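Next come two complexes, and both contain subunit A; in the first it sits with subunit B, in the second with subunit C.
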Partner chain A sequence: MSEQSVVLRRQGLGSVFQALVPYIVAVIASFAAAGIVLAVMGFNVPRAYATILFTSFRTPNGIIQTLIKFVPLVLQALAFTIPLAAGKFNIGGEGQLIAGAIGATTVGIMLAGWPAPLLLPLVLLGGIVMGALWILLPAWLLYRFSINEILTTVLMNFVAFELIDYVATNIWPDPVAGHPTTIPIGAGGFLPRLIQQPPLHAGLLIAIFIAILVYFYTDHTSAGYELVATGANARASRVYGINVRNIFFLSLLLGGAIAGLSGAIEVAGVHHRLIAGIQSNFLLLGLIIGLIAKGNHLAVPFVAFFIAVLEVGASAMQRTLMIPGEMVFIVEAFILLFVLLSDVVRRR
Partner chain B sequence: MQNSQFVQFASLVMLAIVPYILASQGTMLAGQTGLFIVSQEGVMLVGASVGFLGAFLSGSLLIGLLLAALSGAIAGLALAYFTTTLKLDQFVIGLAIFFLGLGLSNLFFKLVVGVTLQPPIIPTLKAVPIPLLSQIPILGPILFRQNLMVYFSILLSLFLIYFLYYTSWGLSLRAVGENPKAADSVGVPVARSRYITAIVAGMLMALAGAYLPMVYTGSYTDGIVNGRGWLAIALTFLGGWSPHLIFVGSLFFAGVEILALRAQVLGVGLPYQFLRMIPYLATIFVMLLTYKRLRTPAFLGLNYDRESRTSI
Partner chain C sequence: MKQVSPPLLQLQGISKSFGPLLALKDVNLTIQHREIHGLLGGNGAGKTTLMNVLFGLYKPNAGQVILRGQTIHIQSPRDAIHHGIGMVHQHFLQVPHFTVVQNIVLGSRLHNRPTLNLTRATERIQDLCQRFGLEADPNAHIIDLPMGVRQRVEILKALYRGVDVLILDEPTTNLTPQEVDSLFESLQRMVAEGMSVVFITHKLREVMQVCDTISVLRAGEHQLTLPRTQVSEELIVRTMVGSDIDLDESILFAATAPQESSSSRTGPPVLDVQGLTLTAESNTPQVDDVSLQVHAGEIVGIAGVAGNGQQELLEAVLGIRTADRGQIRFQNEELGHCSTRDRLRRGIAYVPEDRVQDGILPTATIAQNSILGVHDRPPYSQHGILKWPIITQHAQHLIAEYHIQTQGAGQQAGNLSGGNLQRLILARALAQPIQLLILHNPTSGLDIPTVEQIYRQIRQRRQEGLAVLLVSDDLDELMLLSDRIAVLYRGALVGHLQQKDFDKYEIGRMMSGVYNHV
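For the complex of A and B:
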């Protein structure tokens, strides 16, 4: 992955285009495959595609919806790709998102009267800390006993689903809501709005900032190089004096913290309260984004934006054309498969 | 009274072992040839969806089960093709198939049933008592008054123990997962073994999924598998990739599931959400207890390239 970006820097625009070719082919092939299915089912394929691809750009509301979707997607992708760079798999991003949302809500409700300059940072910090805590057990089990992190991070998701239900129905329930929901956090904990109508919260700036930070960390610092080296060859890295177990542990913790932050942003920016189901399908999309980007941290934000466009298009398509939104999720999975297949083509 | 409660509990456990046994034995079987599958959750969902819809449309549970097995076989075939023939990363391909399964299962359901407030219901699998044996006190109702899938999963486990450890085919198969180069050099068809086990594994996983609407709920929801696919992977690791220990482990997993359900119904003072966390936390705890004794096939998760020069 880093090898690729080095190549990009040396050879300039021509090779950027070359690197993009398999992606373009993958997208076209996936849409073609889905188009055949849609046509067989009797849907209007051109209209469906126009809706998927252009809803985001047709209206100001579409653009803002896309940017709001982009925030959790890019953060969830990074929560997966940072440990991935070290060769570890964090499949628990939604558990950490939920834990982060719970942490942010707890701070936001307990300190509801506090002024924004104090409360907002604490709300976000609450999310970061809880996200990191949620992955602490899997990370520690890996560090101490070499217990496979894939299963433990996944299993913690299911624990989080129950915990959020408990918090939203038993601790601070909103009696009026029909769905497990808490009362709102203090107004000081709301993320400020960049645009008033339609509302766009400042979490977007945080997400972009984090994405840039992570890119510089992994691709332009020596600490980040140790991370990538460990992922490339853990045994060689150990021989060269890198403490790979520390790297594994820290990369997972960092991933958990970022996932937790994404939960805090969903609370502070979008819902202003805790809602069961707040995790949406961000984890799966985050995994798809990370895998499509092949862990390249320069590519992750762009892929995340593209997937956000597809997702906003998917819900519009479901509303206006009655085509199930799952169709787009399948297209995304196909894009991933075709991107992976391009490696096979390149090998020959 | 005590006695009848135990019998009731034990027979519920036997009912609940089926998805764990089918999905884990499938995972194990593919693992014996070095294929590490992580698509369980997705393939089980497809099995649940296809099995439910097949039974709903045809009116026959058997047809539902057969269609589910077919869908699982396709998933297994795809997995084997991408990993064994194209040599792509097993974990990543497994995730991709998991994603596809997730999308397809809900898509199938929406396309056939549409969005309704009143979800359709299918009849659940009936118990088929075995003559004579079901009359045995205690053991009879626990073991011999169950539905056909319970018998199938027990017989499957026995067959796998016999096949893997007492036949030369089984030995060859295990050799593929331990050292494919050695197996290849004595003429064991490595790729074919992987294709066959992947297809069988996919079928078993899909059947595990189809069992859920057919026995537990009678209807399909997108949360019906609820982590059982991931638990099945954990169970396979905990069972040391051996069919008999997986059988024993499935009793534990099913027991925990039934206990947590029981505690919810009886109300033991703890909020039900915490009781529902138990299966997942218990699994992590057992992993911690057994990590030292765990054994996995040496070539698990790695693709075999006949022309590679590395020693393994």
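For the complex of A and C:
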């Protein structure tokens, strides 16, 4: 958490590099381990890895694909790591993303004629509010009855899956689409493009802004201090005057709001409508990112970017080399495993 | 040719560093067959680290372990136990809702794993209890047992695995005098059966009472190893503390009685508690109609056997628990429904008994810990923004002034040894402008120089007009520091003595509930 960043701030580049060593080792080891599997399966390992690592940087399209992927990944990771800082687990990021996407779509369709300066903020706000609402029940159950939030946030995901199907097939269905999809939202609700061709939406700036804001909040404000303190030792925090139940509640709500925002951005920036499956596998990747970063909010954006590179590379590998993209999932899992292992090694 | 049998265990040239901190420097230690070997040293001396190396928890940077003349390589506690080395940690972990037997067999090889029939295990444990005089009901649940029995369970766990060498890390910290005596008896029986015991402590008396051989560590270096019969208390104390404290100026070893408090005790009390009652889910009150005053410039001690409502009383005063009845006034203002935060803000500081659970954020840095409870006040934060340079400076100041041994303010607080942790917690409390200091067992488990330092601080603050409420299980401590002592028994204050009337046996009687209603 933030103690790492304090150390980083105070000890300069040498120790930044030292902190990175286990990560570098973990990445190399993961690729080596997965490479063995690929080789056994008879694939061309160097070509596969070249594709995974360099697709993102070879073409403008690759870069932009990566950046577009980065947005939901970093936001999902933050939706997980903010409650994590307080010692709570939000495993409902995809439900909140869907809820946020539904909120954004609802606003975007119902107010379709409104001008962009009004509609766009309302669309994003619709996402934020719905995301927060989606976690409200788990947060309240935790606050009131100390019911474990892991279970309740996961369960809310399933409710969201049903709801998105219902909205996309019954309320505003797009009759020509072959897949549960709504009609588009009003053009005023589209996120502006930073680059026209290939298209890159302004959600990237929002995501970066949020990531900076969260880092500042957890590491540089007294309210964020209470969050980190509660996560480090809730009992001692209470003894020293922190209202930890409020903190738990608030941290979950913040996580939900950010996940909801990620849904709104997917709608307003990428699809311009609600599509069943909009959540992709962002939740799982978000958890992996948050855990690899060990909840350090300075590291989360960088890890998210790296995972986005791998993801984009994975789809390219699948297209050009016919290697299942899931291989990259294995690599990511290995990285997580090795990073966690490096902790064990260092402790001895 | 005459064959000299090698010693049981030899540690040779052990060095261990944590980053730049050299915790052990080329330490040699020899454990003979059939002896109780006392390992004595100040806090942070490296006793725990040395034994953790032996037990396979830490990998040493250099050195070797020789068992019965053979070099052995211990990579993990499993290896250690395989070689017949067992350890009872100072802060051991048990499964609270398991029975004693279940806790003991946990992680050991079971003969009938499929059925989990523990009858044979239970019989063996009962046999061990008998043989070594370690009284414990194998079918009791850990959660229902007092600390002394839990510790016996931990010892039984090692014995059950058939160890030849038993390491006990500060085993007497949480025990009553009677429990300490019975532990020593058990240790002697173990030695009689051919085992050896390494007994880590900082308490001189205990070592002199029970050990055959005494070794002293200081600052990671081995100072001496001698048979008990060849050492004097004075030699040991001097070896332990080095030149850290002046024995003639010592509070702890003072020959004369403490000076009378200078407070005239006129004017209203700083803390005025009236009829405070706190009832738990059960019907017996945890705090029973307690009334008590603390004036500026006095130390009021509260004696009692642990678990008689001490923590509940203090937490009610601090607003961590809500009292059912009663009044708490602080500097003439009713605290009523004030939150804990408000109470702290008004000038109360609290040093809780359980340093790790209640006192610190273990995974956070010392800097972060140094502002816990004052993190929302200037100068540490302004308009909600933390001022890290000021906080870091503040932490560095505390580290220097209170001699906290650490690599710096950026270190994790959880890695501090007990005494350094307590210095940090006390430093944090005293760094603020306060009118009332509440202390709960402020020196338990700490070594002599630290105790001295803490006593000095408390005395000095009392002299400067601070009101101090000192709750302690240690009667010697209370009698040394307090101006008055009240005795807590089953949540109620049952007696009250002025300094001139202090009498150990009298207080002891009140502590066990035998008292005269006045």
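Going forward, the second predicted complex is superposed on the first by the 348 of 348 C-alpha atoms of A that agree within 3 Å, B and C clash if a C-alpha of one lies under 4 Å from a C-alpha of the other, contacts with A are read in each partner's own complex, and residues count from 1 in each chain.
Operating definition for what follows: a residue touches a chain if its C-beta (ideal position, glycine included) is under 8 Å from a C-beta of that chain, and two chains touch if they have at least 3 such contacts.
Please read these numbers as outputs of a predicted model, since none were measured by experiment.
In the model built by aligning both structures on subunit A, subunit B clashes with subunit C. More residues of subunit A are in touch with B than with the other of subunit B and subunit C.
Touch criterion met: A:Val344 reaches subunit B, while subunit C stays clear of it. When both complexes are overlaid on chain A, the residue A:Asn233 reaches subunit C alone and has no touch with subunit B.
In the superposed model, A:Phe89 makes contact with subunit B only, not with subunit C. After overlaying the two complexes on the shared chain, residue contacts for A:Leu124 are found with neither subunit B nor subunit C.
In the superposed model, A:Val159 lies in contact with subunit B only, and not with subunit C.
By the touch criterion defined above, A:Thr221 reaches subunit C but does not reach subunit B. Within the superposed three-chain model, A:Gly241 lies in touch with subunit C and out of touch with subunit B [touch as defined at top]. Of 38-46, 92-100 or 182-190, the segment of subunit C running into subunit B after the two structures are fitted on chain A is 92-100. Overlaid on A, the two complexes show subunit B and subunit C touching no common residue of subunit A.
Subunit B contributes residues 38, 82, 86-89, 91-93, 95-96, 99-100, 102-104, 106-107, 110-111, 226-227, 230-231, 233-234, 237, 271, 273-274, 276-277, 280-281, 283-284, 287-288, 291 to its touches with subunit A in the complex.
Those residues of subunit A that touch subunit B in the shared complex are 41, 89, 137, 141, 145-148, 150-152, 154-159, 162-163, 165-166, 169-170, 284, 287-288, 291, 324, 326-327, 329-330, 332-334, 336-337, 340-341, 343-344. Within the complex formed with subunit C, the subunit A residues making contact are 1-3, 6-7, 9-11, 219-226, 228-229, 232-233, 235-243, 348. Residues 58-59, 315, 318, 320, 339-345, 350, 352, 357-365, 367-368, 371-373, 375-376, 380-381, 384-386, 388, 392, 410, 412 of subunit C are the ones touching subunit A in the complex.
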